[in-house]
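Which chain is which? They are A, B, C, D, E and F, in the order written, and residues in each are numbered from 1.
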Amino acid sequence: MPSLIHAPVLIVAVLLLAAFVTPLIGKRPATVNAVFLGAGLVAFVLSLSMTVRVLAQGTLSYPVGGWPAPYGIVVLVDVFAAYSSLVLATVALIIFWFAAFGPREVRHNGAYFTLILLLTAAMQGMVMAGDLFNLFVFIEISSLAAIAIIAIKGTKESVEASFRYLVLSALGSGGLLFGIALIFMITGHLNMDYIRTTLTVTAEQYPLNLLTSIGLMGVGFGVKAALFPMHVWLPDAHSNAPTASSALLSGLVVKVYIIALMRITYLALGLEIFELLPIRHLFLALSTGALIVGSVFAMVQDNVKRLLAFSTVAQVGYIFLGFGLFSQRAIEGGVLHILNHAVMKSLLFLAAGVIIHQSGIKRLSQFSGLGRKMPLTFVAFTIGAMSMVGVPGTAGFISKLYLALGALDADMLIFAILILISSLLNAAYYFPIIISAFFGKESDAGATDPAFVVLAPVAVLAGMVFFFGLFPSIMVPLVRQTALLFVR
Amino acid sequence: MAIIERLYTNIYYLVSVVLFIIGFHTMLTHNNLLKKIMGMNIMDTSLFLFFVAIGYIRGGQAPILREGVMQYVNPVPSALILTGIVISVSFTAFALALVVLLHKHYGTIDADKIIALRSKRHA
Amino acid sequence: MRKTLTTAVLLGLLVLLTLMVVEMPLYGDPNAPAHQGIMQKYLDDSARDTGAINTIAAIIIDYRAYDTLGEATVLFVAVIAVTAALYGGYEHA
Amino acid sequence: MQATSYALTLPVMVPLLLAVVIYAVGQRSWQLRNGLSVAAALSSFLLVVQHYRTIMADVTLVAEFPELLPPLGVSFRMDHLGFLVAAVVSFVWLLVTIYSTAYMVKEHAKNRYYPFSVLTLAGAMGVVLSGDLFTFFLFFEMMSLSAYVLVIHEETAAAMRAGYRYLILTIIGGLALLFSIIAVFHQAGGVTFTPGGLPLEADGLAFFAYLGFLIGFGIKAGMVPLHVWLPEAHPVAPSPASALLSGLMLKIGAFGLIRVVFQVFGLEMMEATKWNDLLILLAAITIFLGSAVAITQDDIKRRLAYSSVGQMGYILLGIGLLQERALIGAIFHIFAHAFMKSSLFLAAGAIIYNTGKRKVSDWVGMGRSMLITMSVFTVAALSMVGVPPLVGFVSKWELALGALDAGSVAFVILLLLSSLMNFIYYFPLIQNAFFGEGLAHTAQAQPKRENVPLAMLVPMVVLAAVILIIDLLPYNIALELAERAAHSLFLTVK
Amino acid sequence: MLAAINLLLLLFLVVCAIVVARTKDLLSATIIFSAYSMVMSIIWQQLHSPDVAITEAAIGAGATSLLFLAAISRTGRHEE
Amino acid sequence: MHDMILEMLGRVLIPATQLFGAYILFHGHLSPGGGFSGGTIIGASFIFYSLVYRFSAKKHRLRHETSLWFEIGGALIYVGAGLVGILFGRHFLTNQGVFPIGEPGRIWSSGMILLVTLGIGAKVAGTVFKLFQELLEGGAEQDGHH
């Protein structure tokens, strides 16, 4: 198919088109649903075919408008971008289904779908961007849309959380733009490849500028990716959003910024940066903090969605840990965890949303006996939780295994132990929920499993947890090549 | 002395840095939510000023092509800022909408009071 | 307390950024690195390539049109977000 | 000699799939559910013993799937040791499952019990047939976690508490194992069980790995400082589940330790580093403490549970001594104890089923009313004490010889002491049951007549029969296998 | 001469920014912010970036201020 | 309330502003300005219009849907112009060789740039007006006291 070369922009364009069209047909829910899901499906198919193509033929670079780099904007799809795009498209499609047919938590679905489509389009654009300013534009779209899909719930808490998110996000954007300005100042380029080659010449002349620029961009991305200690906005924002938004935010949005950050480091700054600056050690220190703080705070939560949000803080730590350890396997583990965490955290949030909607209970202390009333939902929740803990056979185990192996490869025994301890912490807060839900004393709250159409995305995600837990080799070519981008 | 001279030459950069800090400070420390948003705008415009200053070339003319002009200023930063300004106004608009909503819910737009109200409700 | 701390941190940042300003390329210098990259091609070729004599218009809507599409999208997001936040959806309007 | 046989996966996969089917049909037909549960164990057993000839021809069967779960891969392997333990596990499981079809009639949530029992079987079979540490770990976790559901089956407060303790320790053990496996993989570049051990260096990391294995398997095997879950969990489970837990699952821990000591670290390294001293020390404490505490227990299932702790000590001792004859004793004891402890728990279960009496002191005169059950109990108990010619005797004999080979008489004395303690806590019970005149109980209703369904009686009797006659047979298959297994484990040393 | 004017404009910018942060009256702050944007736009015109200047004048000084005014009309004029 | 002076002013100022905005729009590729500034100016004139006639008896108010149509129309023109490039076998958002470029310096020149500028202008005008309206009175009917 000749138009496959256009896939990198078509994915974005299709999602944007659907987003633009949905307000026009907003008064007919069935049509809106069809457009919404159709766009997601088309994006998925395009992303899949693009990934296959990238695997077969190597990096795909698409000059938008026909202008070659550095003059035009180039969309650069390397293995990492292809992998990220595929993860995004797959998980997003499942969440789309839930948003369309799941319990309704916003007053009007039309605007909600529009925002979700815009968010997804921006994320797709972001992971494939080969141009620094283009990346910034997509980051801004996704930030704004991400805040909007929290605020759309309209409760006091969600509005307040989204405002706080907005302020911090704007600070992050400011830092990011400043960083980009400095980079442009000392290179005169915006294309990442050209920045890298120019920097080899000019970096010595302007070291402080470059350093400040990296610092500012790091803080900008850190805030948006909720890297400890810049995670303060996350628990409120993710726990007060509508269910589908929580899944999108925790499962995908947070990770997209990590992907963008890592792409900047190897595309624009060059790998030498890891040797020149103590970035690895910073990552290691911060991710250790994230693992401990996220887990400890998660343990004391009584609201299920807040627990899941704090757990996201910890899980973001895993991904950064992978890049901090910087051995081949550790990076593979970190990259795999992007997928695995996306799948399992979406699963947990969707299952939690179903539970809350069906029973009206959000406090964990009242979950007692609910598992017997809505077994299918709770089995799905259990699968997600087991994956979080890292029970073998589930997806979460695989990334932890790779990370632990990578820690030993990097001669850092202590981090292998840290990963295991954090698994134990995960177990300490997930298993009591499950035990009390299945075997606890029954409360009088009435609840049943929802209709099949609501449960279908949850079931698919649960299946994916096992699938990627048992056959991670499907992702191995992509993940290995991604790691090779960093470790040569 | 050389440093002062250099700072004077780069006075536009210096002013934009100062404005950046003022905006940042306003955003972080002011309780009034509208002031926070104004701080955000000041921060953004300071960056735009920085960009424009990067693009300036001594003796350059506006980059609209015409006969007889030898030197134009760099058009690239200007093009980027156009995008930046629009993004900034979008953020502002949405932030203002949230402030309006918060005012509706809490009857105040003071961050401390909102936090106090919320924790009272929780207690 | 928190405000004092923030102010102190920001003053520190200001000092750092001022040092950075000292190091920056000189203002208005035609030989600054920022002008060595992609600028000249735009000034030379934009009229021929795009037919627009306003180079900035040529850049934003032709060379870097993808950015501007994103920019237009941001505005669209803002509109939908504002309506959605205030009404909970645009169907109401 | 090695041969590839993908049929090795069947004893694992069949119960795994059947577990799902059982859950699905459980809602509709209890006959089909029970039948399939028995069929799962039976097919596992048959699928294992079909390899009898091959194994006796000293062929090791392997099946490798390196593409699955990279970078470690999944592999299966059946040697003498694996064959023996797999056959024992599936055979006892079969009998216990038959028993439970009758026993569980009185229980609730049967639709949960059977699928998880079969799932645990699949896990156990996977463990004993695994060809490398990683596969071992996968199935080990699967077995441990599904056994949790068996432990808390009653859902009483005590059961939940015991289950929680079990779960936490299982997770800690699992993580310790995972750490060790990763460390081994890092150092040796592979985790396949290799005769003679993997190329490991005896440095700090390897020692931590050894400690990790000791913790991981020690928790499962009820080794003393880590045994705390065991006396809580075994009594609260339904009796057939207790039989499975005590009779079989404990052995899996010991089995893992054998694999690790002989096929991961290797005999040479263990002898050079003297790391086995730690194991011997712990084993000795385990033997002594388990037996001693058992005397003080009045609840029959708690007494049996502590007795299991003591008996596991024998096996651990047999492993730690690093002597061929001691290892024969250990391996044979895996077999022997599986049969003895299962029949004890099943008999105890039958009595509780019939009379509801859990306290040993209430069992006065029980032998007269429940003759068959109590006879089974007696045979197994005597075997535990080590009365020849019952199976328990043989393992103790071999162990004692092994201890003498190692040059330490102290362990022989310890074995004798432990036998004595076994005698102390079993014999008065039996005596009372058959000959005691319960003064306090004569006023109350006489114990009911033996009213135990055939499905419960037959498995008990079969178990007791094996205990009775296997040593009298001209050809002791189990001993033969144990000898060959131990021999092949030692063969690699010059 | 021109340099002096530019310096004055820059000084005005900084003063405006501080005053915006300090003023209690939100309406005044908005007006001052509008003036700030206007000055910014003049500076950009001085730097020969007329496109940006015109956009800032329209969007920064115009639209943003209008939006602020709309919000203030619903939330109250004075900072508490 | 009915303000004569405002209406008089409006009658003069609004067309003037709109004309100015249209000039900036159409000369985006020739002189400073373009879609965003021109669109904003036109949007501001709409705002002025709606404010002036806010209380007039004749309800001269612009409907919300109208601005939404502007909004979406502009966005669709942009994406559509991009897809035309692909249809012509070129790349997304290609101008040269797909749209007639014309002679530099004329109004009807530069192909896609003019088209997209007009699209953006329409979109931004709608956006600015709608944002203002929403902030001024959006969701107000639920307040009760407004």
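Definition applied: a contact is a pair of C-beta atoms (placed from the backbone, for glycine too) under 8 Å apart; a residue touches a chain by one contact, two chains touch by 3 or more.
Nothing here was measured: the structure is a model prediction, and the numbers come from that model.
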Each chain counted as touching subunit A and subunit F at once: B, C
Fewest touching-chain hops separating subunit D from subunit E: 3
Most widely separated chain from subunit F, with each centre as the mean of CA atoms: D
Most centrally placed chain, judged by C-alpha centres: A
Which of E-F and B-F has more C-beta pairs touching across its chains: E-F
Subunit C-subunit D separation of Cα centroids, rounded to whole Å: 69
Approximate Å spacing (C-alpha centroids) for the pair subunit A, subunit E: 38
CA centroid of subunit C to CA centroid of subunit F, Å: 22
Distance from the mean Cα position of subunit D to that of subunit A, given in whole angstrom: 45
Residues of subunit A whose C-beta touches two or more other chains: 9, 16, 20, 23, 64-65, 133, 137, 140, 144, 147-148, 151, 154, 159, 184-185, 190
For subunit E, residues that touch 2 or more chains besides their own: 50-51, 55, 59, 63, 67, 70-71, 74
Per-residue overlap in subunit D, given as positions that touch at least 2 other chains: none
Subunit B partner contacts - residues on subunit C that touch it in the complex: 2-3, 6-7, 10-11, 13-14, 17-18, 20-22, 24, 26-30, 32, 34-35, 37-39, 42-43, 46-47, 53-56, 59-60, 64, 67-68, 70-71, 74-75, 77-78, 81-82, 85-86
Interfacial residue positions of subunit B with respect to subunit F in the complex: 62, 64-65, 82, 85-86, 93, 96-97, 100-101, 104
Subunit C-facing residues of subunit F, complex: 28-32, 34-36, 64-65, 68, 71, 74-75, 78-79, 82, 92-93, 95-96, 101-105, 109-113, 116-117, 120, 123-124, 126-127, 130-131, 134-135, 138-139
Residues on subunit A engaged by subunit C in the complex (per definition of touch): 9, 16, 19-20, 23, 26-27, 64-65, 67, 70-73, 75, 106-112, 114-115, 118, 121-122, 125, 131, 133-134, 137-138, 140-141, 144-145, 147-148, 151-152, 154, 159, 182, 184-190, 194, 198, 202, 205-209, 212
Contact footprint of subunit A on subunit B as seen in their complex: 20, 23-24, 27-28, 33, 36, 40, 43-44, 47, 50-51, 54, 76-77, 80, 83-84, 87, 90-91, 94-95, 98-99, 101-102, 105-106, 114, 118
